[in-house]
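Following this line, the structures themselves.
Both complexes shown next keep chain A, but they swap its partner, so chain B is in the first and chain C is in the second.
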Partner chain A sequence: MVDDAAQLYTIEGVAAGVIMLFTAFVVLSTTTIYAPGDTHLSEMQLEQMAYDALAMMDTPDSYGAESDLTHYIMTNNATYFNAGFLKYMGHSGYGLEAAAEMFPDEIQYSATVYYRDSGSGTVESYPFAQSARGEILGHEPAVTATQLVYIPGRPGSPPGNVVDNRQQIVLMEVLVWRG
Partner chain B sequence: MIPSILIGIEAQTVDYDAVAYRTGVILCEDPGSPSYPDEAWEVKEYYKKDEVDRFGLAVSRDSPGILLPEKIERFFNGTFFDEQDIQDRMLFSNLPFGPYAYYVRLHLDDGTPDKFLASGSPIPQDPYGYIRRAVKVKGEHYMTINLADPARQYELTEEAQVNDTIGYLPILFNLTELQNDEIPKIYQINPYQDQVVINITDFSTTINPINPLSSVRLVGVTLYKGYGNSLTKVAGTFSSYEDDRYLFYIGNDQKSLSGDIYPTTAAAYDDIGLVLKPAMFAYLEPLPGDTIQVNFSFQYVFDSLPPCYDVLKGNNTPNLWTYGVYYDYNVSNVTQMPFTSGELEVVIW
Partner chain C sequence: MARMNEDGQWIVLMGFIVSAGIFFLALIISQSTLVGQTTAEAVIEFPKTEIQDLKTEVSYQTTVLINSYDELTGFDPNLLSYYNNYIADIKALTMARQNAVVDVTLPAEIYSTTYDRTWLHRIHYNNGITDYNQNETVTVLK
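On to the complex of A and B.
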């Protein structure tokens, strides 16, 4: 006779089918594929190199000597700073494409010195050095590197900025970009 | 069922630049593990190789970017550490990303050839990770004693009593004075990390004879260790571990200090050099406050008994350091070379 016993079998079959499909879905959705990253973080490398350049320029080569960066600030010698800084930024890594795109020949920078005026208690600044180039394009994002530099007296700042004549720490900030 | 619901595929990227950056930081900003004041990884002998946890080339944790020459030499020595050591102790590669292929290059601005460490396979066009760090290498230091210079403070006058006179030249290391914390670690003379070089020149011309000098010979090099007035001789120092612990030169020839030595005559050589490597100080294991002394013994033979001579005065009595030369920060004794700039490049793929 027709009764409702078969419905239970059907419902059981449908439930089993749904469970199997769900299990297959769970298994397949956990597949991962490892793919290599496709872009070099060139901004990170530029910032790291600018930081390294400032840190190395501020390390004296022998005990008791003056560091290069202190000397440049004291004598306000932007030419030597330019040569020293670009020497670090421009070394090429023997033809590697990543190295060439991270350190192209056209690195632009702008260096500023911040000092504290003890009379007014405010922080002043003066521009220290800029990269010299004909046409400067500013499309690329810039990174910043800073270094706290000890100077033993009044630096050779341009007229209009009178810095205290005392031992002090100044902040050298360099903005770097490719352009 | 819609196929896009069934199929969920994630792409997980391997960031080679991050691994290269991490490796650059490990090499440039970390002294490695274990490092001074424990027995440093660059000093460990081959059978203790597994005690090294991590490589690092920096002088100390406080001096990122300033590298130590001894660590550079051990790291770029292609035969001491093998491929598995590099993977475990520098790259920390683990499944499923590892093992990585690598290329490390150190370039110095002093004209020496670049140093390389490579896994062997060529660098692919893409993808790879790259980092470049600016570094400076700590300068080496050395002492040069010209015994013909009458201004040296250790030349004293003593009457030679017999035909065969022994004079001593002690070179002293006051370890407490050397580890002066007022001097930053990157400028310190640290015999546990740097090699110590002693050059002695013109020792056969030290004598200003009234009567002829027949010969001057170096007859012994001994090491003493101790505190205060009591220095005791350390036995077995110049045994067979030559290149790891010390290097000894007579003129330009490298010689061994073990066994019977110096069969040469006075005319054959007039300057000697002794290099003590950090492994030697690790072997000596001085206690804090100790002094290490290297004693050079010279034998003078005169043709006839001289009335008065200048000879080196130094002996094995407790007050020996009065006559010795200290290897310290005095620039007239020891020359410290300035730093050398360079760059370190790491490529990972």
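On to the complex of A and C.
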């Protein structure tokens, strides 16, 4: 006859093992480990979106045509640049045929144009556009996106006469942050 | 002679295996902090967009220059001086704003057949962390 005297002890041992595993699972699944590397994910996304927006604006409609960004810099049109850039960043209320603003304007930017002065060989800059809210507030770090832009001459004023009147390549640098 | 009591050995063994598993998981979680930080930083630091932008601008201007080539007179002198200016602009701007050294060579003819001509030019980009070199050949029908 099989001796069943220790059956209760065995079942108790199995139950204790199951309880241990369940406790470990609960502990591990309820605590979230926030790795410091995770902060860079939102920065990387913002930088990629900003670069994509600039690259789209610097792409002409057909080969040899003038791109939107070239046109905005030549005419120094910050309003159209603001509309185009925020439209590509996902604020659909900023199209030129804008209706109502559909997204909160949490993305802010500051755009600067850098150019080379061929006489002195130095790199100068002038501020080009800022986001409409205008406050320099932010809780997240800012990222920059740059784009080399070809312009066929001197941009309109301002900045006017400080820039050489020649075909050149300038750098449009946009500092973007969520605020 | 007293017999060894072998009851419960299985439970003890299972408990030992479970605790070893928990220890291993604890090691993995403790290292995830450092791994996440360095991996994300490496991705952020690679200048992918700068290099793509540089390649786009340079290849467009180089194509314009190459298309102006005439066997007797070489490159159009106006376009050649514009091209040199563009390269000087790019060098100064990338050094000033991206802390990168850029070098672009003039296209050099490396091969010529009856029907087409092949040009080689090099792009070099170095921002101290990433060193990028590219040899590009362009073949143009005569």
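For this structure, a couple of remarks:
One rule holds for everything that comes next: the second predicted complex is superposed on the first by the 117 of 179 C-alpha atoms of A that agree within 3 Å, B and C clash if a C-alpha of one lies under 4 Å from a C-alpha of the other, contacts with A are read in each partner's own complex, and residues count from 1 in each chain.
Basically, a residue touches a chain if its C-beta (ideal position, glycine included) is under 8 Å from a C-beta of that chain, and two chains touch if they have at least 3 such contacts.
All values derive from a computational prediction rather than experimental measurement.
Once the two complexes are laid over each other on the shared chain, residue contacts for A:Glu173 go to chain C alone; chain B is not touched.
By the touch criterion stated above, A:Asn165 is placed in contact with neither chain B nor chain C. Shared-chain residue A:Met44: touches chain B and chain C both. Contact with chain B, but none with chain C, is seen for A:Tyr88 once the two complexes are overlaid on the shared chain.
Applying the stated contact rule after C-alpha superposition, one finds that A:Ala145 touches chain C and leaves chain B untouched.
Shared-chain residue A:Ala55: touches chain B and chain C both.
In the superposition on chain A, A:Ala24 makes contact with both chain B and chain C.
In the superposed model, A:Thr79 makes contact with neither chain B nor chain C. Common to the chain B and chain C interfaces on chain A are residues 21, 24, 28, 33, 35-38, 40-41, 44, 48, 55. Taken together, the chain C residues at the contact with chain A in this complex read 7-8, 10-11, 14-15, 18, 22, 25, 29, 32-33, 35-41, 43-44, 49-50, 53-54, 56-57, 60-61, 82, 85-86, 88-90, 92-98. Those residues of chain A that touch chain B in the complex are listed here as 21, 24-25, 28-38, 40-41, 44-45, 48-49, 52-53, 55-56, 59, 61-63, 65, 88, 91, 93-94, 96-99, 102-103. Listed in rising order, the residues of chain A touching chain C in the complex are 6, 9-10, 13-14, 16-17, 20-21, 24, 28, 33, 35-41, 43-44, 47-48, 51, 55, 114-116, 118, 121-123, 145-148, 150, 166-171, 173. For chain B in complex with chain A, the touching residues are 1, 5-17, 21, 64-66, 96-97, 105, 123, 125-136, 139, 183-184, 186-187, 336, 338-339, 341, 343, 345, 347.
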